[in-house]
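Each structure below appears as structure tokens.
Note that chain A is present in both complexes that follow, paired respectively with chain B and with chain C.
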Partner chain A sequence: MAFLTLQLLFRRLVLAIPILLCVSALVFAILRLLPADPVGMSLPPGATAADYEKLKQAFGLDRPLFEQYLIWLGKLLSGDLGGSIFFRRPVNELIARALPATLELVSAGFALGVIIGGAGGLAMFAMRGGAGEHALDGATTIMMAIPEFLWAILLILFVGVSLQLLPFIGRLGPGIQLPPPVTGFLLVDSVLTGRWDSLRSALLHLILPATALAIGLAPLVMRVLRSSLLETVQDDYITQARLRGVSERRILLRHALPNAALPAISLIGVQGGFMFGGTVLVEMIFAYPGIGNLMVDAVRNHDLPVIQAVALVYCVLVLGINAVVDVAYMAVNPRLRLAGSR
Partner chain B sequence: MMTLAARGLCVSARLAGHAVAVLRDLDFAIEPGKILGLVGESGAGKSMIGRVLARSLPSGFAVSGGSLDFHGADGKVSDLVAMDGAELAHLLGDRIAFIPQEPLTALNPLLTLRTQFGEHLARLGVPAGDRNARIIDALKQVRLSAPQSLLERYPFQLSGGMCQRVLIAMAFASNPALVIADEPTTALDVSTQATIVQIMRGLQRDHATAMLFITHDLRLAARVCDEIAVLYAGEVVERGPARIISQDPQHPYTRALQAANPPLRGPLTRLVTLPDQMPGLSALAGLTGCRFAPRCPTRDPSCAVASPELRLMAQGHWVRCAPACAGFRPAAPSIMRMSAEASASEPVLVVDTVAKHYPGKRDWMGRRGQGVDAVRTASLSVRPGEFVGVVGESGSGKSTLAKLIMGLEAPTAGRILIDGHDVTAASTATRSIRLGALQMVFQDPQSALNPRRPVVRLVTQTMEAARSCASDTERLARATALLAETGLPPELINRYPAQLSGGQKQRVNIARALCVTPRLLVADEIVSGLDVSVQAQILNLLLDLRTERGIGLVFISHDLAVVRYLCTRMLVMHQGLVVEEGETDAIFARPQHPYTRALLAAAPPDDLDSPWPPSGPAQETLDAMA
Partner chain C sequence: MSLSPRAKAAWRRCLTNPRVVTGGVIIGLMAVMAVLAPWLAPHDPQEQDLLATLLPPMWSAGGEGRFPFGTDTLGRCIASRLMYGARIALYVAVVAATGAMILGTLLAIVAAYFGGWVDWLISRAIEVWMAFPPVVLALILLVGLGAGVNKVILAIIVIDWTRFCRVIRSEALVVMVRDYIAAAKLAGFSHRQIMLKEMLPAVLPLVITMMSIEMGIAVIVEAIMSFVGLSVEPDVPAWGVMIADARQTMHQAPWGVVLPVGAIFLAVLAFNLLGDGLRRALDTRLVLGRAEAA
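Showing the complex of A and B:
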């Protein structure tokens, strides 16, 4: 098992290299072909043409495109993402600050989506043929009919503004100090340093944006799980378990659910990748300081190094989540784990 | 004293507002230590009892009368139909156990044997610490070697026979009072069947378990059971001691069933067949009187009026028939063996030491896996009008050999000649030689027919080839002739495959292969999915084609009796090798190879006095194969 999992991860890694190279080259080329002038934008008013040339040289933007790419790539391999033109800071630092926020948000959204989707799918199956199923079915239709960003706005207006139940701006409430940085992850650091006030505040701030993200995933998981449960319970081993007197509850949870989960896991793998796309808007709407917001700022200011770096980070994240889902699939399905052995 | 008694059990289906009896007035009783066989063709209603007990009847089906009384050890009688679901679940798996038909799908694919067997033992109240030892002990009882090493295996890592042994071990783990085995050996090879039956019967005898043995195989039932009930279209048509039912049946259907089974020993006579097939649910709805009447060779007008009652013929022997009809037995004409001079002509097909190796899949680094030698070496030749059988178990390479002959796969070694022309290498020329001489009929009649084409276009499909621009009238005329030749009623010509029965589909397949007037048919397991009475029709059709067209046949089958009936020569394949070849009569009389001997020993002989399952060396070979 461990060996095959490692092999799978290794294969993923090997495949990731050309993908990342392609993506980075593509982003690089497109950005340079745009009629954007980051140098001009970052110069103070009244700068001379000589200042302009000097700055352009300093950023390396005077060299041929291919050379620029190789230089960027070389630095990248040594772990240096370059310097931000707009923020005047190393890109590494910007990303190191924003990425943990996004990861926390996506993990929370992902977990919430899977839990709601799984529980909802089971509930729909359990109430099959009844009014409950129709109600849940209607709920999934509504969830899917409204895009995530609109959900975000609706949640803010309803839960945040009208009911004033939950905060909806940023990661921490006003007046609450950041916990001392250990890992960069707010929740983890709060726990590690025993800062319960910041833990509580950060959790409350996560609820609405994570819910907005989860709404994109949950209804799909619900529907796939329901229909695959309906198919699975027709399987022979389910009838045989029943004929051995296994309780219905156990049949559902122990026998039907894991088998029915397989198609749902594949779906989660695909949808999990899309979820990162959703974070950009959701982070903007909730003023959540993640890489989505960083990206938006960078685009607004033609900050090429940051755009490149964040694009690459998104790509790595999507590949990473796919690998995680693959491993999960393998963990559930022994046929893959033991392929070839008989 | 009895364990299970069905009293007037009725199961009905709602069909367009009408209730149709799927099981009608089922009566039987099983005593401890006895085996009752429930024999019938597919669709007779055999599996309904299991579904009643699992409370998983298809939608629209319901028990509409009668009871299934289970007699507990404490003398308490409970009606399994009426009792509360939780109470029933209490009995299932503990006092009443099941052995399923498809062992490979009957176990959860995601859980190890230890987990699944452990779950069952936990349900039986075995403490966690004792479970491992109990599992190993139970697996030893079903003669699984190295049981310890099986514990962490998943079902897909085991063969069907091994899975079935595990399921038998689970069924007997609680020492149940009643075991219901629904076609427990149908999905298995013949050799495995013998071992499974032996294990099952051994456990049943040791524990004095009452057993309901459901099967479509009258010959097997005669071997396994004490008593047999023959089911036709939901009714028991005959019930009595196994020996009497199998050797001196009285009901016309039982007699037909017995006559449709080609014998393994003794002189061969042409099989007597019934017309059509068992009526489906919708056909039953419109049937009054005897349900067998439409196919009964001895019916008279009174049969359609009222449904006959079960009559007591002799001690314990019941027959559902009018008294006048019993005893009628048509004489069967003798079968003609092909004479020696007919086979003196030049062979149509020569397969010369061919081999086929499937390379293994490449892994992600480009390294090849081991691959499979599907056919290691095989030779055969077929003369015009000659029927050659190829027997062997699943995975022995029979289908691959057929594909090589048909040019669907290229051999990795050896030559294939048709009328003396070498057609080994694929080219336009060799393809047209093949097309003119050979046609193949496939195993699964369902998937071989395009569901969106009517019969007329299916059977004349080969006339669509670019060069033969046949008109619609020509095709219609040809199709009509082909239907007549294959015994299909002319009104089927515009039907679609979904509107045909299994036997009709297989006839359409054969008709299609005959369209180009081939001289040789290659048939891969074409009767294995059919009921015995329909199988007999197809076998006779093939014999007629030999007489009328002088057609040759390569007949691939796992069924020795069928090969003996049809083929003058046969090949025995085992693990990709032809281990024995010769005249069918000679091989049956004096098998040379140990594998052939084991295979012959594995088939239950017709003579109830010769011992089966076998013992001695044949048994050991079988055990090793299972």
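Showing the complex of A and C:
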């Protein structure tokens, strides 16, 4: 079973490779439409035409487009993402530093969104037909009509600025030293090195941005779970369980939920991919040093190597999470599991 | 143009659906405000009054009647800027959603009708597009195309055609196996006739529903892009620009942020309500990114 799941995951990841190649070519082509001149922008004032040519050659921008792409792709495959024009550092290094922050944020937002969505969906179902369901339904409508980045701003305004309950800038409070880097993940490193002060600060800093992301996911999970529960409880095995005298609570949690969760899981997969997109602005607004913030800085400074690399990282993350969720979906759905092994 | 009895009944269901009516009225009022902004707005949206900066709305202490919603850091009238901002938002919503709708629906019908390698190609393109978080693709496109409100519209079309194409393609595949399509083929209709006269009307309810939701998405994307400074010129009042400006002073003047956020909320809510109501009234099985099964 475990082996089969791994095999499925591997197959899904192999299928993602041609998509990733197309994605990389697309990103490369779009960015070459650029009217601005990154070489000119990164030259110091008073530079000569010879300096310009030299820099252009150094960046490889003097070759034909297709050749540039192949060179970039070749380097990419050997793990070299090039050098940032604006930050004047290897892109690898920038991403290695920012990616753990984003992964921490997305994991927190994802977990929070699934918890709120799952609990809300169950609550909506439990209160079906009553005023409670209408109230929750209204809440999902409101949650969905405000995009994540505006939730981020509203949360800062009300929870951060007015009530001053939670911090809303960066990953750590002022005066708190970073724990010694082990994995690059702040929370993990804090635990590993026993730095409870930085763990506390990092967790507090995560709450607001993670909530902003979770609000994007939760209402969708709520609605899908509610309606699939409504469908599931009409099935025969639920009636049978009821006739056997199983308690309503047990029927809901043990019998109906595992089956009704399937559409929600497949939804979470798609939306989990979108959540990475949400991090771009949420990170910028919370001055949270992840790849979204890096992307916005790079866009503002026309830093092509960074934009290209971060865009690809995003696509890898989306394709990765889609593959994982697809496989998880198969693993929890016995019908598909049997079909897959045949 | 005379409508068939079924179309008339569908119209009646739409017009009596409370969601459609609520959404429609809100959008209608916004559209009126946007069009009549030069006559309705109390001030020119760029007019600065440096003696009256960061005023609160007129109903709170210290507010002045001549600035109903207060003023921003440069003493510009927030109410007037919101009205002019509605112009940008609705312009982008209508043009971008129409563009994405036309491109997406056309490709969906072509893919379903011809099948084979055409369908294969279009489906693979959708897969590639879906690998991008939309915001990331929008940012890359705007870096490539340069900033500007029309570039934002182009970016939305280039990104969001897939939303239409995915959903409408599967609907069109269902339509393809209907008898009347086979009959049309036998009767010697041209490809174009079958696609436009037979298939398009069948998927139209779905297209209309998605169009409404897409307009809400377009409002959000424009707000995001003008918030990061990639949409309108800095001196044009767009809601995203207003939020970005007011963010600097939101501890003293929260209204500057809350009011444009409220405007975006209202617009998106109205488009969502309209779409949701249309979906129920027209009875379309709409699966939004596999999302809206509810």
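Here is the rule we go by: the second predicted complex is superposed on the first by the 339 of 342 C-alpha atoms of A that agree within 3 Å, B and C clash if a C-alpha of one lies under 4 Å from a C-alpha of the other, contacts with A are read in each partner's own complex, and residues count from 1 in each chain.
Please note the rule applied: contacts are C-beta pairs under 8 Å (C-beta built on N, C-alpha and C of every residue); 3 or more make two chains touch, one makes a residue touch a chain.
This is a predicted model, so every value here is computed, not measured.
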* Will chain C clash with chain B on chain A after the two structures are superposed, or do they fit? -> fit
* Return the chain, chain B or chain C, that is in touch with more residues of chain A. => C
* To do: Name the contact category of A:247: first (chain B only), second (chain C only), both, or neither.
  => first
* Asked: Of the partners chain B and chain C, which touch A:236 in the superposed model: first, second, both, neither?
  -> first
* Classify the contacts of A:255 with the two partner chains as first (chain B alone), second (chain C alone), both, or neither. => first
* Take the Cα centre of chain A as the vertex and report the angle out to the centres of chain B and chain C, nearest 10 degrees. => 80
* Asked: Counting only touches as set out at the top, which of chain B and chain C does A:126 meet: first, second, both, neither?
  -> neither
* Touched partner set for A:333, first chain B, second chain C, both or neither -> first
* Asked: If you stack the two complexes on chain A, which partner ends up touching A:11: first (chain B), second (chain C), both, or neither?
  -> first
* **Three-chain overlay, closest Cα atoms of chain B and chain C, distance in Å** => 8
* Asked: Which residues, counting only chain B, touch chain A once they are in their complex?
  -> 50, 53-56, 89-94, 97-98, 100, 102, 105-112, 119-120, 123, 154, 156-157, 167, 170, 364, 369
* Tell me, which parts of chain A touch chain C in their complex? -> 19-20, 22-23, 26-27, 30-36, 141-142, 144-147, 149-150, 153-154, 156-157, 161-162, 220, 223-224, 226-228, 263, 266-267, 270-271, 273-274, 276-278, 280-281, 284, 295-296, 299-300, 302, 307, 310-311, 314-315, 318-319
* Residues of chain C touching chain A in the complex -> 124, 127-128, 130-137, 139-146, 216, 220, 223-224, 227-230, 243, 247, 250-251, 254, 257-258, 261, 264-265, 268-269, 272-273, 289-294
* Touch list for chain A against partner chain B, complex -> 11, 235-237, 239-247, 250, 254-255, 258-259, 332-335, 338, 340-342
